[in-house]
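A, B, C, D, E, F, G, H, I, J, K and L are the chain letters, set down in written order, and residue numbers restart from 1 in every chain.
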Amino acid sequence: MPNHVYKTIELTGSSPKGLEEAIRNAVAKASQTLHNLRWFQVTETRGEIEKGKVAHWQVTMKVGFTLD
Amino acid sequence: MPNHVYKTIELTGSSPKGLEEAIRNAVAKASQTLHNLRWFQVTETRGEIEKGKVAHWQVTMKVGFTLD
Amino acid sequence: MPNHVYKTIELTGSSPKGLEEAIRNAVAKASQTLHNLRWFQVTETRGEIEKGKVAHWQVTMKVGFTLD
Amino acid sequence: MPNHVYKTIELTGSSPKGLEEAIRNAVAKASQTLHNLRWFQVTETRGEIEKGKVAHWQVTMKVGFTLD
Amino acid sequence: MPNHVYKTIELTGSSPKGLEEAIRNAVAKASQTLHNLRWFQVTETRGEIEKGKVAHWQVTMKVGFTLD
Amino acid sequence: MPNHVYKTIELTGSSPKGLEEAIRNAVAKASQTLHNLRWFQVTETRGEIEKGKVAHWQVTMKVGFTLD
Amino acid sequence: MPNHVYKTIELTGSSPKGLEEAIRNAVAKASQTLHNLRWFQVTETRGEIEKGKVAHWQVTMKVGFTLD
Amino acid sequence: MPNHVYKTIELTGSSPKGLEEAIRNAVAKASQTLHNLRWFQVTETRGEIEKGKVAHWQVTMKVGFTLD
Amino acid sequence: MPNHVYKTIELTGSSPKGLEEAIRNAVAKASQTLHNLRWFQVTETRGEIEKGKVAHWQVTMKVGFTLD
Amino acid sequence: MPNHVYKTIELTGSSPKGLEEAIRNAVAKASQTLHNLRWFQVTETRGEIEKGKVAHWQVTMKVGFTLD
Amino acid sequence: MPNHVYKTIELTGSSPKGLEEAIRNAVAKASQTLHNLRWFQVTETRGEIEKGKVAHWQVTMKVGFTLD
Amino acid sequence: MPNHVYKTIELTGSSPKGLEEAIRNAVAKASQTLHNLRWFQVTETRGEIEKGKVAHWQVTMKVGFTLD
């Protein structure tokens, strides 16, 4: 392992289905422009409530990737 | 958007099925008496273990609603 | 309830399937050697990303048990 | 000072004008139904941005009052 | 254990005698109107000083109870 | 609301006038290159002191925007 | 002082009498198997409420000891 | 820049006018006896409420200065 | 209430007897040189263990006083 | 000092030699594309262990720079 | 990568030489009895002062290893 | 050990050489006027960057000493 340098960005994914789907949506979006994604770390879990039910799940996460 | 004021309360939902079900149970309970629920934010995720298995999932969350 | 004393250890479970499976894996592993597991509390939720997708879910948690 | 007991609730005030106005709005709203308000403590300062400008200031705060 | 939902409120008890008395005072006050109190968790320990001595002990705590 | 993904960046605005002006300056700067700014959250409030007076107010904040 | 290495474990003591008794119970339990206990640090103070009164005091603490 | 050493003290300023005035009052007070004040960092924002209105704004801050 | 400015210092009191005695010792020591002590806030509770028993209780606290 | 706006990014540097080398590596990498680097702040210090020895030191840090 | 489970313990290493040596001492001690050490994370950096100089550097860290 | 009372102050040391030198500089400065320094605890590690390189290392730390 050479002296890698990593950068971390903060994203929030959302989904009407659940927490893991919200995370997967954010990772999928980030992978469209960043090709060295390595890990994520959840920093906040929220959701929107409409008519007494959870309408959207929202997960904020740090996503790390290797700087070439 | 007028000058809304929101109140936040803290609830813990539980479920033998999983984390999202625990959240949904707490939201459903709160919506019986509060009709302006707007969002939730998870503050703690726990569970009870019985006979070496997760018996109950418990999620503590802040729930925000509009004060009329 | 007598004057119980509890000990807490920190474990990280992993799973390619999801967050709850990662928690269950860690609880199952701990229950092989500890017979008084009582509760867990999640302290960190992470994951590894490979080829733009979540490859492994990793949940770090405190697990409490009764000291005999 | 007798053995007072205080209760703390969490409110979020909003205002298009600024941070202090958002706090004053939440205090004014709470004082309509609670007559022993004693102090507040800011826990979060946020705002909404529309068309590149701050459209609403939002201040979340704990508000303490004496239980009779 | 069915799918209980718990609510947590934040109280501050005070006492000229000591920390545990301050906690007991808050629990006693809360139990006058809430009949399902289950646990408390201390979040802050303070006190007022008068003439170079501790005049009042003040303990802030979360108090949890079952929602019927 | 489709499955939006949001990105959060951290900015520090400064102003000789006051806290809100420092926030507005950072939002104005960010809006020159980012057209979907949605919210900000203050994470630190500081200032520089010169000759015994506050010379510059500095507010660090997270700023969130929609990823197209 | 040579280059000592210390290990820290997390324990929760309980007592119907009070906070210090809960701490002493945990230290006494740990000292049955660990002979180099050096210090403790409280990380959480809780209690169980039964019939409107504090039934058990529970103190979670880190306990440090010298590795031989 | 030589190898400066800085000291930080914690002050709380108060004002009936607003948050910035409370900060300015604390800085002005400190500058009467300390001549190398360099920066401040807000650590808590509170206020006292009287008759349903904010009567005093109170800002706690760390203030740093150069040790000669 | 005029525009008071308060200063906060951090002290650690110790006692072989218990937590409250440790706090009282620190307040007594500080009041020998500071005559406007107003409040304290506990920030850490520790202790030293000797021969498997708590030998000294140590409480770290912020102590606030009025600047004349 | 005009009304500068600063941006902060989060980087992780690594090195087999030590902590300061890990920091220097991350700063050197960032300075290849950003020409106004002003400060860094360490947020996490970790390392990888291989065969019972520290194989890589990893330092995560916020790095701030001036937005032109 | 199968569904590994990791355990984390907390150690404090000390050294008269410096911070990295304190970390290396703790890792070396732990590797005498644990053969799957994988990573460490620093949680506290302290030291003892004697005669106005740093006499011992003390680093507290979490150390993670694979459970077989 | 009698009932010692300790005071903690917060200092920031700086050095162009490295982190440990910055700590040693602050301890040396404090020991010129305080003769009972006992321990330090690092609370923040920062640095200034000039021309793409670390120009000054800055370590903020609490320093404790015995009150006579």
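We take it that a residue touches a chain if its C-beta (ideal position, glycine included) is under 8 Å from a C-beta of that chain, and two chains touch if they have at least 3 such contacts.
Keep in mind it's a predicted model, so treat the numbers as computed, not measured.
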Set of chains whose contacts include both chain L and chain J: K
Chain pair repeating H-I, as identified from J-L, E-G or G-K when over half of the contact pairs by residue number coincide: G-K
Distance between chain centroids, defined by C-alpha means - chain F, chain I (Å): 38
Gap in Å, rounded to a whole number, between the CA centres of chain F and chain A: 22
Rounded Å distance between chain D and chain I, as computed from the means of their C-alpha atoms: 31
Per-residue multi-chain contacts in chain I, two or more chains: 9, 19, 48
Topology of the chain contact graph, where touching chains are joined (line, ring, star, complete, other): other
Chain-to-chain touches, reported pairwise for every pair that qualifies: A-B, A-C, A-F, A-J, B-C, B-D, B-E, C-G, C-K, D-E, D-F, D-H, E-G, E-I, F-H, F-J, G-I, G-K, H-I, H-L, I-L, J-K, J-L, K-L
Touch list for chain F against partner chain J, complex: 9-16, 22, 25-26, 29-30, 48, 55-56, 60
Sites on chain L touched by chain K in the complex: 19-20, 23-24, 27-28, 31, 35, 37-42, 63
Of chain E, residues touching chain B in the complex: 1, 3-9, 62, 64, 67
Interface residues, chain F side, partner chain H - complex: 18-19, 44-49, 52-54, 57
